[in-house]
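Below are two complexes that have chain A in common, paired first with chain B and then with chain C.
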Partner chain A sequence: MKNIFNPKSVALIGASEEKNTVGLGISKNLLEGSQERKVFFVNPNRDIVLGLNCFSKITDIQDKIDLAVIAIPAKFVKEAVLSCVEKKVKGIIIISGGFKEEGNEKEEEEIREIVRKNKIPLIGPNCLGIINPCANLNASFAPITPKKGSIAFLSQSGALIDSVIDMAENIGFSKIVSYGNESDLELVDFLNYFKDDKETKVISIYVEGLKDGRKFMEVAKGISKPIVLIKAGRSDKGIRAAESHTGSLAGDYSVYKSAMKQSGVILVETIEELLDTSKALAWQPRCEDGIGIVTNGGGLGVLTADYCFQLGIDLPELEKGTVSFLDKKLKKVVNKSNPLDVIGDAMPERYEAAIEAMLLQKNIKGLIIISTPQIMTDHDKNAKIIVRLKKKYPTKPIMCCFVGGKLVSSAVKHLEENNIPNYFEPMRAVKSIKSLMKHG
Partner chain B sequence: MKNIFNPKSVALIGASEEKNTVGLGISKNLLEGSQERKVFFVNPNRDIVLGLNCFSKITDIQDKIDLAVIAIPAKFVKEAVLSCVEKKVKGIIIISGGFKEEGNEKEEEEIREIVRKNKIPLIGPNCLGIINPCANLNASFAPITPKKGSIAFLSQSGALIDSVIDMAENIGFSKIVSYGNESDLELVDFLNYFKDDKETKVISIYVEGLKDGRKFMEVAKGISKPIVLIKAGRSDKGIRAAESHTGSLAGDYSVYKSAMKQSGVILVETIEELLDTSKALAWQPRCEDGIGIVTNGGGLGVLTADYCFQLGIDLPELEKGTVSFLDKKLKKVVNKSNPLDVIGDAMPERYEAAIEAMLLQKNIKGLIIISTPQIMTDHDKNAKIIVRLKKKYPTKPIMCCFVGGKLVSSAVKHLEENNIPNYFEPMRAVKSIKSLMKHG
Partner chain C sequence: MNILSFKETELILSKYKIPFCKTEIFNSKEKALLFAQRIGFPVALKVHAQKVFHKSEIKGVKVGIENEEQFNLAWDEMMESIEGKNIEGLLVQEMAYGNEVAIGMKRDKQFGPVLMFGLGGIFIEIIKDVSFRVAPINKNEALEMIKELKSFKILDGARGKEKVNINSLVDILISLSNLSMKEERIEAIDFNPIMVNRDRACVADFRIIS
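So, the complex of A and B:
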């Protein structure tokens, strides 16, 4: 796996300069990677691609090749794989589609036999490729490279990866794998690799069908890191769409549900929730029940209290010590209760006192901090205070709801760069803090 | 009401230049309004505010005053109201808090008697003010002025308005009202006004407690425009927080639920859903059941099909005519089914043919169009095509899921400027198109 995720040298079979092609996408992404990695382009019809000399065949390259990426029409893939065997590459990614998912099982099987016989691990075919932001490697045709972080994202859908990394502006990844048809390397192989990967704290998965459900459950059970999973193909039409998409047999969702629960996998329903939950788990410590809410807007405080009730989260009453701490530090807070409304004209000092008071109370195990962009609100200062207090009290998770758009965006960036998740909708913050309780 | 929402002249009692004050906020917002409206500042302690002469008392102003906005400490408010009566203003907004919500019922009651006796309509006290983007009036201390649109937003929480207008970057409003303590004008009075307001297509409401539930239901029943409502204070802690926030008696949520259903009000659970639903209803026509899905990413297509099933939405099979239309126009679409996967390398023409084919099929009553930012995807062109086809087939609603961040933002802007709602999460699009079916 190491040779795939952090190769010293990569050859791209199917390098291209042609606009709007997969070949161009991968070529660009590979060139933008680490300077220490050697990149070679293979294309018999080209002398130069993006300023780099092109080789006719991979075997023409003098240097050793760790990883070969194949992105050429399906009918030429087998031959390319054979040349990779000859070249003794240490890993292969086949981007090209047109195999099992289009009914061409035989062609895929032949390739599988070749790599298995020669013990060369293979990802794909029919995938977007892989990205390892921690090693500055983008061996995919994703349109952007995500930033480095601690979430490993595995997806049976390549396109979904494009959406997720574009959505996840402030979220970093340790690895991204589009695992395609799982001809050789399977989802479970990656799970086993990420289990001990120091850069990975959370494993997030999009899946349509599991190749071997029982094996997946066994492997998942043995992983102490949180696994967050979304399963597509839950309805008749969805299952049929999944079959034509990845060729997966999607199976019965209720069976999945209970199997996932048994294996300790966190099953989510939407992509939004997948990201929300993953960043919470990647960035914040686990906690027990008992949440404090601080807000400068009464309304969102009321709603957040409602959502906590709905999800069975306790909001402890403020203790005497907390109230007297607040009395000393603040005058204007009308109701010293939980949720704690610091009121619309709260300047950063009032936020600071309120947050610290909450953090000091023993049976408050984590906080949700709400900020609405009122005319007196200094979001950037508030964000800095939160980051500072988080460092002072590292064991208690803090989720933020700076709810707005442009007015809060720089503060949100600062929060998330410091691994404090922000949610623009309180319900999403409440769901996410709940995930820290269930999966301790 | 007209004198309040589109006054020819406004006087602000409590104009200020002091940083981080409500007085400064309103002063700025009023000055940024329509040039045809006369704005006067009143403040006995200042000669000039923001370059404008200040009057000691409102009665010192020579011109007639339509609307007086009062933003001074509670103890001076009654006197200011009396001077407004003397000046014969046609409407008053009291921004100042410190009345019923802090236990000072008597003071509020006195003011109410004064305005009622003199037949001057009053908004507040204890509110953010009002905004009428259609008349270029911002008589509030909101930090920004939203753009003009067709959603009237009424909120019992002022701070929530700040969040909502900052979130709603591409969404415009016809009117925004922070109705505060409802001392004189009540929520139902605004409903009655918006019922016939030509600029308002949808009425959106945040409420903690209704002053008179029965009256609200009667009025709501008589309004043919959709009313979308979120109710805060559904749990014990939430109810208590609501009491200390707006002094509302929040009441039993299950009673609310059935009452709202009876009155045809669309009850939503989160602020995100409030905006999602409101923009769908404001921008798109109603439709019957039967939805087509077009996608360039198989995975999101599968998930969207699942969500449709979950919410009981039918995905009609493609008819012979539709398939032959697609056969003529396209080669590469593998599966001519619903969801229709135009595949990752879809250029705009393929999207166009797929969308038009779906729109032409009679039992497909509306579309969800998904776009993931793949390397070949031309979002901006796709958005233009969708806007064009929407104009060609105006009776069928189109919801978009351009799922991503920066890569899709300009396309999303173009879509939403043309009243085609975009959702970054397919479930939110499915929920929103469902709202077009239920409330026909």
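So, the complex of A and C:
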């Protein structure tokens, strides 16, 4: 699979410069990485695409080809695969749809037999492609290339990838795979690959139906990296939609829940939660139960405490040592308890003392820091202090809850650039810190 | 889809050491009565058929039969209500007391054999307080499954109620887990209810589908 994610040369069969086509999208994306690898375009009907000479067949290319990407109408795909075999490519991605998902199982099976016989790994058909931001490879028709990070995102839906990478502008990815119909390479094959992939810390999955549930469980149990999964097709209507979408069986959701629990997979309910949880796990260390809350607004502190209670998270009382540390530094703060309200007019120094005091207390294993944009609040400085303290105390996770809009946006950007996740809603912060707890 | 005959059911339950209430199948009222007298009143009378239909629809269950007179009446009524239907016979069963729980197994299209645990009776049909695990499971997982119920406290002696023998339920779950892994022809199993008290659990109603 290394040749698919880190190819030295790529050929696109179906390169195009016709506006609004998949062929043009992939052509452009592949050219982004032309500093790193050789890119070749194949299209018998064109001489030049985006300034590059076009070959009429892949076998006309003199150089060796590691990865071939096929994006042509279904009826020509088998022939293209045969030419890839002849060219001895080391991996194939079939973008084209029109196979199993439309009832055309025979053609898909024939293609699988060809690649399996020749031991060429195949992704797809019916997919968006793959992206490896760590190698500047975008072999997909996604609208952008996301930045590099440590989340591997696997999706049975291609279009969802487009939305996720646009939404998650502060989040980076190690790999993105739209695995399509799983004709040859299956979800579990990618899991096995990411298990030992140095760039991947967290595996996030969007799934409608698993090909083999028991095999998935077995593989997932063997992976120590966190796996976060969202399952679509939970209701009868959803199941029907999934069957026509990817042609896979969606299955009973209550059974899924148990199966995921048994395999140590974190099951989430929404796309937002998938990203929230993934970034928490990618950026922050795991922790035990016991959370401290620092806030400059009583209301959000109370809500956060409620959510912690709701999810069974312990908020330890402040110890004598912590209180006397605070007595010296925070004369103005009367109630020294957890949640610790540093009061609305808190300037960065007060935040700093409160955060440090909490981090020094042994049974506080992680922090949620809330900041509301009051008239004197210096968000940017607060963010800098948090980043600095995080470096000083790297073993305890910190989640931020800078709640606002324009007023907090630059501080949030600074936090997230330094891998401190921010959530605009306390429940999201609480759920995310819960996911860091090993026995959560 | 076919429901196992009583004999086959008995064999498989015994093979996996799944405890069930003393039960025998009869087509003759006289022999049935002798059996009822031997195990002692009160007894229950239940229809056993290899075709699926809801027992309550055909008045197929009568519990708490106290004596010979009630027995004869119940037998005749039941025979009348099932007339023309293809049944295997009537089960005469000892009455067991305790809390009702339900344990089941089905084969999921994606995960294979899946075990289910829940409180029996209305709890399972209305409140749907059930837990699932993909088989096989070990004792800890079986215990977790039982404790996962929202209504676990009912079994654990809430408000001065009798605390039931949880280990006996764990044993049934483990046996069912083994059964589901080995007997591939068995598609689904329903034990509902299982009567459980402080001493023991026994399956009162069984439906094994192959």
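Quick note on the criterion: the second predicted complex is superposed on the first by the 436 of 440 C-alpha atoms of A that agree within 3 Å, B and C clash if a C-alpha of one lies under 4 Å from a C-alpha of the other, contacts with A are read in each partner's own complex, and residues count from 1 in each chain.
By definition in this document, a residue touches a chain if its C-beta (ideal position, glycine included) is under 8 Å from a C-beta of that chain, and two chains touch if they have at least 3 such contacts.
Being a predicted model, the structure only gives us computed values, none of them experimental.
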item	value
Touched partner set for A:L210, first chain B, second chain C, both or neither	second
Which of chain B and chain C A:V255 touches, first, second, both or neither	second
First (chain B), second (chain C), both or neither touched by A:I144	first
Touching partner for A:N20 - first (chain B), second (chain C), both, neither	first
Which of chain B and chain C A:K198 touches, first, second, both or neither	neither
Touching partner for A:K331 - first (chain B), second (chain C), both, neither	neither
Touched partner set for A:K406, first chain B, second chain C, both or neither	first
Which superposed partner A:K119 touches (first chain B, second chain C, both, neither)	neither
Chain C residues within the chain A interface of the complex	108-112, 114, 130-134, 141
In the complex, chain B residues that touch chain A	20-22, 24-25, 102, 141-144, 155-160, 162-163, 166-169, 206, 208, 230, 232-238, 240-242, 244-246, 269-272, 296-303, 305-306, 308-310, 315, 334-335, 337-339, 341, 344-345, 347, 372-377, 403-408, 424-428
Complex contact set, residues of chain A against chain C	209-210, 212-214, 217, 249, 251-252, 254-259, 262
